[in-house]
Each structure stands twice: as structure tokens, then as C-alpha cells.
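Would you mind keeping the following structure in view while I ask a few things?
Each chain gets a letter, A, B, C and D, in the order it is written, and its residues are counted from 1.
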């Protein structure tokens, strides 16, 4: 059902980008054409698609395009636009049903099986849905026209199939101080000027997953805002090659290995985690057409909560899928060294499966208990979505711990691939890293490197802080847990008032 | 859709029972009329409905009838029979959709909010569904007519609305020996004679929840069986007043308090846990019309697995609901003693909510991922159902531990109600058990007794072993976790075969 | 080395009590002679030694006398008084060395192996040591003579060998309010009158372990006090038969079973936990000779902290020992039902051992790191003592959970002993509770009842709140953890100031 | 007490090495002079002391020399040789008392506070003690003279103060096969030839901590051996520059950063973990004078168990100390971003302290419960030592998880130091990474990098597998836990035989 009559204004996007991105090649070409300002290790990156440290992240995101073209994955990877009735990539879809919510989770687990890593594009999907729902509600309250504007923007995203990064987390400086009280007012992203044709914004968004290989960003406020923080109540979209936008890629665990050939990188094709960047907005212009919240401070909190819920919904899907790969790798590591038959190994693999399914169950459950918002878009159950993410902040660490347990110390002390290939000592590496008979040493080393890659620093931290730190979930339990109702049940049982 | 043409044979059930049980009073009257052989504390119980130690369990089960009569709960508590198209109690329903599976879980949480305890009737519901599915499959394989027989039995259950206890767990004697090798062949329930009109069975079923206040039992085998164990491959239904059936009620934590007046029982109206009994079958006759598996040993395992899955599906529903009450009680305990504002108390309540929602999420998820069996009945995802129950075996203990933490030592050392009422020392109890101002001492004591009741021995053990011990879930991870597929994903990532 | 020249004043203790308690019989006789005011279940108890609900606790405490008479335990159970050079019961000893601290812990584990329960007398031991150390420090600061007074009292305790209960925990009413601000000033125990020959006190001490079978109480303040709370800064000793003292025994898990014959009580000889009582002081007179802190509010906190440390030191000893028994019982339960060979059972028993040794290690470590206080008495390391107790609040629950896991559901649903003995159904209980061949059913039932006794409600709560609730330990980490030093180490490594 | 009459044979060690290593400079010079064969990243390292990837490990080990020269640490860092009565470095000492065992643990925690990393030298210390004890026992059984030989070797070590790496873990190939049954017999290190003057050995030792910066290795068997595995029952010492010895350094987490200037390495001076190497023995000659077990297969297991116990004793010391630094760093990270006052942050820091003290308590306890072996050397309680290490395999991961929680996502996504220093974007990094007022951005970045370093992959894996994988500890519980005695205690309580 298409309620949009006018095509979206083409003023922002260059004509080139409006060409639909269909294949991996289209996606890479669009990034080449973007010419956005990216820094890596203190140097400007001319072409992100050619940089070995960035390429794995691009490969991973590209799978969101590639898999959508495979008939066997069409049901999960694509959807029918409620705006146009046309088939679109599910990463640009507004959820129209509980089934859509569940399919989103299944899609995430599916892609994670292919990448063993983060594929980044859910951030934009969740931002689109959160802003969609909330733009509607703002209009209801303030008679604004954000919803129509946003639908035009959404149509552009669905039609062009661009990758959008959602931008929420501000640097925040001193966390004990609110936006207006920071030594530097820019530590929260804000409007510095309102013009006839648009606004000027300044600030930054921190650790944005997939930012260097997205074409656009959809900015949201970082927290609930009070009246004096009106200028910080801001949602808008802009292309990442807009003047004044600078991206600085964060340093990852073992990131240097991505620049080597061979298997020491662990997951050579898809890297690890999302490839996070700090995005600077140095007085960037955004036309009104792309502004979706500007000053309606009392709805900033709702937008944040919705994005958080939609994003927390995901973590049992993608991390469940990533965990499946790590479980498989651990089972192989055991097999390759002859311990697969030991009862304690089987018990540990069973425990890993238990933990992976527990987080997946959370994602499914919050989807199944989802409901329709006034905008028509479907929204997962927020209490269960928070539960899901909170379990992820614990179980992914335990899964990694068990992977280490099963793999043995060799996972942290194995010689370099270069040693295996060295003419003097290569034969010793080959001789002494031999495992069960018939298993090539390379196979064993590759699996161990994959486990190292998937169970290390950045991979863990992402499961802790992605979609909000644990305390943000704990806080939600207080708000959503309905303690008053629970007290009433207890009182009734023992007949007190 | 009603595929049953003949009414079920009235040969087993007395005519009286065929009268539909509608109200709590009907249910109690039917138990009075049953005259089944029940022992408690070494003595025969003449009327279970008058025995103070049994009455709370009856009250709890009775709610499955009472709530079904309340309009606001009709959607969850009733269903439309696929046999007759008539409205039936959901506890007698064969799940016809994923929505049915989810409603089952919601119904369980709803009743648990009312009882703070076990209401027992899900065992029979799960047995009905498991036998239904499997009878169909046996017929497909062996051209037997179990499915038609079973539908007639099901119709009887739906129409009469009797409470059926599902009977699976055999005593098993020496667990290291299979059925045929035990010193006493009766340690597993088995057929001892086949007659023209029926069979004679001998053995026992252990810790059957709600058995003393059920009218009938639906027996299933206790584990997968091999060819030489044919006589142990047995499923059949019989009334609990059949000659040769003896029920011995198990000793519970603090069971003596149920026989006192007042609040020391903790949950005076609904007791705790299900009221488990050992059921003896001393050469009991069962007509063929009520036999649904008899010798087809190779399908015994499937029946067991299905019952286990259907029963494990429940635990996040009922235990989630029971936990809600315990959380509410803990919040009140804190409030009553002035600690509700402490940050560590809030943190612990939040953690309890987190754990309760985690187990509930499991029940919802396995329901949402359920599917249709060949019989037409819907079946929850077995891997996720096992995950759910396995989390229950851990989280309920942690929830209890946190309840103890919040309540303080008083929960285990509080004077008797009799001391409060004593003319000499009552005023001291009242004086020194005073909490926050305005809170009556009785209210504080009642809530603490409720917490004691809900967090103690039997209540915990039930969450450990009900629906199968933890190891039975771990074993299922090995079978359902699809480790081979997980290995393939890992191999593909690092390009090894 | 005896620094006391005058014998202690005989004004308080009746002459009879000054006769030395040597044997179990002496101890019981002294309790018979005490005629203190004890209430149980709303009734006055005339003779605590004849009451079946109290007798197990007396049996357990009596072992502290009995074992001291066995040559093989003399080293642990006795010590040489630093006051008199005479051999005394270690429960009346002031620790003179690190070796004494370690022997205390070993003694506790030893007795726990004999009782499988609490033997209560450590509370008094810890109170004696804490008051000893602190009386010395008060004198140093205020030129009082508490230390000499206290040594005279100590001499009386050592010579008479009475059982002293330490009394710290006040009822506290509304926990958010300090002593002076409660609606009822008596909710914290305080001095209500100062006379020439002594003081009058009013208030109560809650859940005092072993109180009903102690002869005396050594009262301490419940928390640090401020200047306006001077009257609450109070330490003194008095006999429990002093006029105005009333004891109300708390209700325990399954306490009714103690009044039955047979094995259903689980641990028929020694009951469970300590037998806690609420002690009321209704304007009780205490002569100055027995007052050891009275108004020196600024040292109340130190006394509390010391008692807490000395008491937290114990928990890996006694609970480690109790856990050993529970581990043994669980191993037998497995053996009796034929599961002892299963790898998951072995793994769970190993985990139980791990947890029991972890808490024991804490008790040993805080003892080994102990040091001499200005008074000459030795004191365990407080940080490590807190660590010990904090682990107990977690691990005892996990040990109980594993015991339940190993035992099976039967631990919570087993028929009454009366059923086994019933002429009609006894043979069925015998038949169907049979386990591995050759194991008498009674043996299996007894072990299961023991496990039920040791893993249930009160037994768990005691490990949570005895010696202070978890939060009191967490608070100490903030004070003792030396975070500033830790920060300096981190700064030095990365060369920042 | 010196029982050695002859000076040790100087045949092995070059004269130069016999000069006593006193200072850090001596130590480094000795490594320069060693000319051992070391490979790093597929290339031969000419001088380990000049290689940036190896230098931090050398710095860390060098502290074992430096701190011994500081008067304030003399008591912990040095000891008096029982052979010569001379002051020696404690890392070359045979424990002569319980006090020695405790001082060892305290020394480890002390050095860890200085390095925040592994200082490697305990491996050799534990090997010296384990071989010492066991050589004595072999002699008692077989009338061999290993003990005298070993004392001569020990004297050499004490006098020269060389760093000895203990070598136990063989590559083991297919873990399901014993030494003699591997496809390649060299997968376990073994004697390939016995000559008049010595033996020829072949094989490898895997992940040897500190090997590349040790002068000598003391080889031990990797597990208990059977009669047919006599050639694998081998203990001997040799210099690491012996012909045929090749060392291959393992790849660590973020090892490339060690080769950069600046703070991104996290702990620039001391690296992370121990710097593990694979050591190849390609037909290496060892004179009889340095052979301490050769064929007495039945005592191989005892030697392994002793080394394991002595090494497991350590982990609460060094990891406790490392954790202290990580706790301090986490507290600073919170402070620097303004969250130090939040109650959940305080709670998490308290939990980290709790866990660190728990593991430390284990190390202290097994030391305090240590005892004298027949050789005269003291030995920690093996059950408690295993408990200690087993807790480390869990708690270090949880401490790291909490460090991540407190630090925020920035710990995994922070820009490179190069970005901070870049002329274009450096000012943005400075602006947007600002935290609480007055905190230099460099300070914040350094602390976050330190946390990243200490909580990542290799640092965790070492705590899992160093001194034996978790399952090796679980196995010991079965052997040392005395389950039979525990069963007897339980039986006695319920009066069964």
C-alpha cells in the first residue's frame, strides 16, 4: 500500500546514487564513487574498497545484497514495500507484521552463518523503523509533517537500496553531566544554526558500525532530552560524503593481520565485528527535507527507546548465528586434535549450544510478542528485547570461554603462518602441530585462527556494548517490569491490601 | 472439524463422570465421587477434598476450571475443539496452530499469577497432545487404529472436562540397567497379560503431579525401548479409581503447615508445587479401547521425546508466572522493612525480572517456532523447548537465592504465628517485627512466609526435575544441535573441506 | 600467661554454673538448671532439654564438649588459656597466633563432619575475641577499664566453660532510618537507665543462633553509631535466665519432623542450622562488671567490623564441612540408584568439591594472613574474610542445586516413612523405591531425607545472611579493597600521573 | 644447610654464564651472549634483546632481578639457599617452609603489580622444586643418584642465577592416543639414544612461557607413563643454545603493536602474557649429569602432579596481582568519563575485587596447608592448589568482562594513536574523546589501551590453560576429593553402613 504520491526530492542524492544498488559490484562501485573522507591509522584512505583493513567489512555488508539475489533466501532477505508494493531488500523494510519481525531475526542468523562476523546493515534498518514510528507520533502531537517527509526519504532508501548507518551514540564527554552542561557543547550532536532551507549541525557519533562503507547516515538523539536541551533533540539523514563529515576508523583487535595475505587473520574474507568509526560533523548542512525531529525534545526519549528495542531484538539472531559458527569451529578443533570423544568436550559443546539457543530464543520471543504501533509499523516487545540483549552481554563471553577451553592453549600461542612457510622451520611446525591422522596442519591452524578471531577482544566488547550497555537494559527492567502489578499478585495470595 | 463419527465407548467411565465438569464445585464433587485409593502419611485418605494437606492442590487445579468461566480469560483459557467445533477447556485441546502454542504459554503464566504455585493440569494436556501425534504416526507405520481410538478418548476428555494426569516416569530401580534387566521386572511399568478385551498392567509411575486430584491417567512409556522391551512400550488411559490403582502422596517441604490454620503455610490457599504422588498399578485391567501403544517399541522414543518437548515448553510460562509473584513478594518485603530504595535491592529485583523474562522468552520462542506434525497437531520447536527447561533448572534457583538475599535472615528465623497470637509474648513479636511505619506486622509476616514457601526445597526441586532432569536436556542438544551443519559453516569460512 | 589477679566477681552467675561444664551431661544439666524463659510455637517450654524440637540443636552444640574430650581431637578442640595457662575449650579461647586462627577453621570443619549441621558455639567465640580486642582499644583511647573487666569475664567463661551466644543483630525496624529516628526507640537495643551498680537495657536481638541452649549472652552493638546514638553503643554480658529476658524460637523448614520418630527429619540427631531465636530484653539489669562498651560510640563500628570479620572467617570451615557431608550423601544417592558411573554425575560431584574447597580456602587464607591486634589477640585478614563469606552466599546454593540435580526428583516427592511402615502399602513403597541391588530401601530413603534436610530453605538462608548479608561484604570491598593503590599501579604502567 | 660437597660440573654451561646474573643489564647481556636459535614471524631473530616484539617480555622477566635488589622487597624476592646458606633469588629457591610457600605467592602478586603482565620465571622455579622432590623419591625406590646430580644442578642455577624455563607440555598430536601409538613417535619428547656420556633426545615442548629469554630449560615428562612408554619418562636440563634446539615464538593478540612506538600497545613496557614459544629438540645431546629421570616410568606421573600443583599454586598470586591492575585501570576509566559515582559501577568494581581476592585466597590457602615432602622440600596442598587454578579459569574471564562493561564500547573502537597525532583529524580526536574535565585525552586513551591489552584474547587463554586445562583440575578433584570419606560421614549421620 503506497500512500506516497510525490516522488522524493532528488536534491540530496546525486543522480548516480539513485541508480538501484543490486549486486555486490554495484555496492562496491557506489562506495568508490562516494569519495567520503575516511581516516585509518592516521592517514586518509583514498578508496575504502581497496584498503585491506576495510575490505573484509565491505565483503560482509555486501552479502546483504548478494544473498537477496539467491532464490533460496528470497523469503528472508527481501520483503514487499508497504509504500510501493515492490520487492525490496529487507534491510530497507518497515515491519508490517509479527512475521516480519521474526523473519528479520532469522535473516540475521542466516547471514551470520555466512560471515561469522557482523554485517552492519541492521543499524540502519532499525533506525529507519524507529524514526518511522516516531515521526508519526510527533506529527500526531505537534501537527508537524515529519512522517510524510520521512516516507519520502524511506522511498528513496528502498528504491536506491543504499546502505544507511544509524547514528545514535554521542561522545558524551563527562557522563555525569547532561548535554547542556558539558565543557564543550559539541560533545552531544546538536543544531548550531537554523536556516530557511535547512539546518547546520555539529558534533560527533561514536563507534558507528559499518559507517565507512555506508552511503548515508540517519542521525538520532542519544538520549531523552529536556526542554533546555532542545537543540540536541535532533533526527535527520545525510549522505556521508556531505561537506564537513569525517570518518575515523577505530582500531580493532589484530587489525594488522587483515593487511597480510593468508589465514592468520582468522576470518580473512569477513574480518571481525562491524568496523566501527567515529563520525565527525563539522558544521554540516542538512536540508529540511531530511530533518525528522528538531526541537520536539519530549519525544526524543521515545525515539531512543524504540531504536534501542529494535536493535536489541537483533542480538540473539546475529550473535546466535555467529555463535553457531564458533561452536562448529570448536567442535572441529576438538576433532582435529582427537578430543571430540571426551565426555567433558561434548558437555561443553552442549553448553555452548544451550547458550546460543537461549539468546536466539530471546530474539524470537520479543518478535513473537511484538505489536502494531500507531504508525502501522510493528514493534518487538521491549521487555523481552532488553532481556535478549542482556543475556548476550553474558553468554557471548561464556561461549568464548568455552571455545578457549576446548581449543587448548594452542589457540593463543600458535606460530605465525610465516613460520609454517619458512624453509628452515616450516617442517617443524608441520611436524609438531600435527593432530589426528589425516588432518592437514593447515586445516587445524585455520580453524584455530578462526576461533582466535571470533573469541577475542573486540568481538566480545561488541556483544557487551552494541545496542546499549548492560546498565541500560537493567534500567529498562525497572520501567517495563511492572513491579506494581507483581506486588498486587503477591498481596492477593496472602490476603493483604 | 470433527472427524469422529462414533461417540466414545462409555465402558470405562462411570456415567456420572460423563457429566461435564464446569465449575470448581463440579470438579470437587467429581473427586468426592471418585473413591480412589489415596494414602497420606501412612494412612488411607477417605475424601481427598476434605484433607487439609491435599485441599490446596485441589484449589489450585480448580482454578483451571474457574478461570475458564471468566470472560476476560476466555481467549486464553478455552479453545475450539477441532473434533467437535465446541468450546472446550484449553487443557483438553489439541494445538491447531502456533497461536495455540503461544496461548498455552500465556495461559500458564496467567494462572501462575493467581496461584503462585503449580496447578498441575498441563501434564495431562501435554500427554494428550503427545499421544495424539504419535498414535497417528504408529498407524501410518503399522496400519493400526490407535489414532481413531485415541480421538474417541480425546472426545471423552473434552466433553467431560475431566482432569487427566499424564504418567511417564517409571521408578527405574537401578538406573544403569535397562527395563528387562532389573532385579524386579515391575520397576518399569509393563503389560503382564494380553486378553481379548484388554490388557493387564503392572508397575508404578513416580512423582505424578496432581495425581490425587485427577480423575484419570494417561500412561506413556518412560524412555525409548528396544525390541526385547516390547512389553514396556505401552501407552494407555484409565480412571484412577480402577481396581488395583493405589496413590501414595509424597512428603513435601513444610507439609505439616498446610494442616494448621493461618498464614504460616505461606500460600495457604494453593500450597506449593503440584502435590506429587507415587501411583501403583497392581495388575490393573485396561480395555483395548483405551490402549494407544502396545508393543510398537520403535515409536516409544518418539512419544517420550514429544511429551518431553511439550512439557518443557511450559516451564517459562508457569515458572515465569510464579517468579513474577516471588518478585512482587520480594519487592514488598523490601518495602516493608525500608530497604526498597537501596540501589543494590533495585539491582537484585531487576536481575530477578531479567531471569524470569529469560525463561518466559524461551517458552514463547519454542512456541513461535513450532510446526505442524503429520497428525495435524502443532508441536513446539524441540531444541528451543529444551533450552527453556534447561534455563529453568538454573534460574529458578537464582531467583530464590535473590529472594532470600532481599528478604533478610528473618525469612528463615521468624517466630511462629502462634507466638504472635500468644498472650504473653505476642506483644513482643508485634513490637520487634515492626518494619516501616504503617505496615501491619501481620502483612510483613505473611509476605515473608509466602517467600519462604516459594523459595524452599520442593519448589526448587520441581524446577530441576519436572519435565526431565537437566541431563536429559543436555543429551537433546547433542541430537538437535546439528553440530555437523555448524562445522560446515566454520569450514567454509576458512576454506577447508 | 595470666595477667588477672582477682577472680571474677561471682555476683552474676549462680554458684552452680561456676562448676565447670565438662561432659555433654554437664552441659545438658546446666541447661536444665537454667530455667530461662523460652517460647516455641506459641507455648512456654519448661525444659529445653526435653523438647524434641530443641534437642537436636542441643545435641549438636554438645559435640563441642564431647569432641574436646577425645584425644585425637584435643589439638583442634582445646587450647591453652593465655590468662591461666590451663587447657580450655577452644570455643572460649582468645587467638594467640596465626596457628590458632587456622586451627579454629579446622575445628569447625571437623565438627561439621560430625553434625552435618550448625553447632552454634562459634558465635560466642567470635564475640569474646571481638570484645577483647576492642575493650583494649577503648581503654587506650578513653582510659576506661573495660579490658580488665572483660578479662575477668573471660576467665569466668574459660573456667566455667559455659556456652555464650554472641548478640549483635538488632531488629532495626525501618532500615532506612537510624537508631534514634525509629518510631519505637527499642528497635535497637539500648541503655534506658544508668544506676550506680549497673545499667538497665531494653530491646531485642534477632535470629540468635543457639540462644535457647546457651547459658549466657554477650551483647554487642549492631552497627557503627554516631554521637546522638550513644545509648545504642553498648556491649555487655548477662545470663540468659536474668529477669526480663525472653527467648522465642524461630520457625524452621520442616521443624515438625523433629517431633516425629524416625528418619524423615533427615538429620534426626542434629537437626538443621542453628536453631535461631528472637531474644527480648525487657528492662534487664546488667552490673557494671559485665559492661564492656557503654557510650563510646566512636568505637562501636570497630567492634562490629571485628566481630563480622571473625565470624565471616568461619564460614568456609563449617559450611565447607557441611558441604562435605552433602557431597558424600549425593554420591551415595547416585550410587544407590545406579548412576554413579555416569560422566555427568562425576562432573557434578567434582564441581561440588570444587565449590566446597573454594570456600574452605577462603577461611584458611584469611587466617594465614591474620595479624596481631594491639590487645595481643590475633585477627584474620578482613578483606579475605569478607571474600570467604561472600562466596558462601553463592556457592552453598549452587552446591544444593547440584545435590538436587544428582538426587533426582525423588528427593522432593518421596513417600513418608509412615507409608513404608504401613501394612497395606509399605510393600509397594519398598518394591518401587528399590535402587541398585543390595541397597536396602531404608538406606536410600535415609540418604535422600538427609539431602532434603541439608539443601532446603533454612539451610540455604543461613549461608546467605549468617555473619552479615551479602551487601555488607560488598560494602567492605569498597573500604578494604584499596582502590587508590590499584589506580596508582595502573597509572604507573602507562605513565600518567 | 649445604649437603653438596662437590661443585657442579661446569661441562655444560659456558664459563661466561657461570658469572652470576645480578642486574637487569647482566640478564640482558647473558641473553645477547646466548646466540640461541629463535624464530619470529617466519624469520630468524639475531638478537632477542633488540627485537621490539620480544623486548617487553624481557623487561618483565628482568624485574625478577631488579626487584630483588630493592631493599624493601628483599624479604619476598630473595631467600637463603638451603644448599649454601647464601642469599639467592627466590626464583631459584627450594621451599623450606610454609612461610616460603606463602612468600612465593606474595612475591608473584608483588611483581604482577609492577608489570601488569606475566614475568615467566615461576615456571622454572616450579620445575626445580618438582624435580627436586621427585629425584629424591626415585632414588629411594631405585637406588639411583638423581638427587645428588640434581642438587649440583640446582647449585649451578642458584649461583649463576640463570633463568630456567620448565618444559612439560608435549605437542601430543592425536590426544586420544598414548605416546607410543602416535603416527609420529616424536609428538611426545623422548630419548632416542643412550650413550656413555649422555642421551640424545627428540621432540618438542609447546607454548613454553618465557622460553626465548631463558638461558636453560628443565624438561619434564608431560603425563604419567606406562612401562611401554619408558623412553618418554624423561627429565633433564640443558642450555637453550645447545645444538639442535630451535625456538619458534607464538603469535599473540595485537603483537604487531609492540613494534610501534607509543601507547597503542597498551602495556608498552611489559607486553602481555608470557611470550610463549614452541621449542624443538632435534636430536639434542644431554650429558648424564643433567639427566634426572630416564626410564623410571612409574614416577613420571608423580613428577607431573607435583609440577602441576606447584604451578597451580601460583595463579591466585600473579593473576590476582594482574587483576588488581586491571581493577585500578577500570576505576580510572570510569573516573575519566564521569561514571565513577554510579552505583552500578561501584558494584562492578566491588565484584572484581571479590573475584581477585577469591583467587588470591586460594593461593594463600594451599600454601598455608602445605607440608614437607620426604626430600625436605615443602609442597602446597594439592587439592587447594587445583581449586585455585580452577577458579582462575573462570574468574579472570569474568573480571575481563566487567572491565569491558565499565570501560564502555570505546575500549574496542578507539581511533589509533596515529589519528590523535594526525594534523588533519587529531584535533577532532582530542575534542571528541574528551572525558571528565581536566583529564588529558592521552591519559584516557592510555588507560583504555591498557584495559584492552589486559582483557583480550591471549591474556584470557593463558588463565584458562596455563598450568593445565580445567579438565585436568576436575580430574584431580576425583582423585584428591576423598569421596569415600565423605560418604562415610553421610552414612554415619543417618546410621547406615
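Just so it is clear, a contact is a pair of C-beta atoms (placed from the backbone, for glycine too) under 8 Å apart; a residue touches a chain by one contact, two chains touch by 3 or more.
What you are looking at is a predicted structure, and each value in this text was computed from that prediction instead of being measured.
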Shared interface partners, meaning chains that touch subunit B and subunit D: A, C
Matching chain pair for A-B (criterion: over half of the contact pairs shared, by residue number), options A-D, B-D or C-D: C-D
Farthest chain relative to subunit A (centres taken as mean CA coordinates): C
Inter-centroid spacing, subunit D versus subunit C (mean Cα positions, whole Å): 41
For subunit A paired with subunit C, centre-to-centre distance based on mean C-alpha positions, whole Å: 53
Subunit B residues counted as touching two or more neighbouring chains: 344, 347, 474
Arrangement of touching chains [line / ring / star / complete / other]: complete
Subunit C partner contacts - residues on subunit A that touch it in the complex: 343-344, 347
Contacting residues of subunit C [partner subunit D, same complex]: 102, 113-116, 263, 267-270, 324-329, 331-332, 335, 346-347, 349-351, 353-354, 357-358, 360-369, 383-384, 387-388, 390-391, 440, 442-443, 446-447, 449-450, 473-474, 477-478, 481, 483, 485-491, 493-496
Subunit A-facing residues of subunit D, complex: 39-44, 169, 171-177, 183-184, 186-187, 204, 206-207, 246, 248-254, 256-257, 264, 273, 276-278, 280, 282, 337-339, 341-342, 344, 393-394, 397-398, 400-401, 404-405, 408-419, 421-422, 424-425, 428-429, 431-437, 452, 455-458, 460-462, 464-466, 469-471, 474
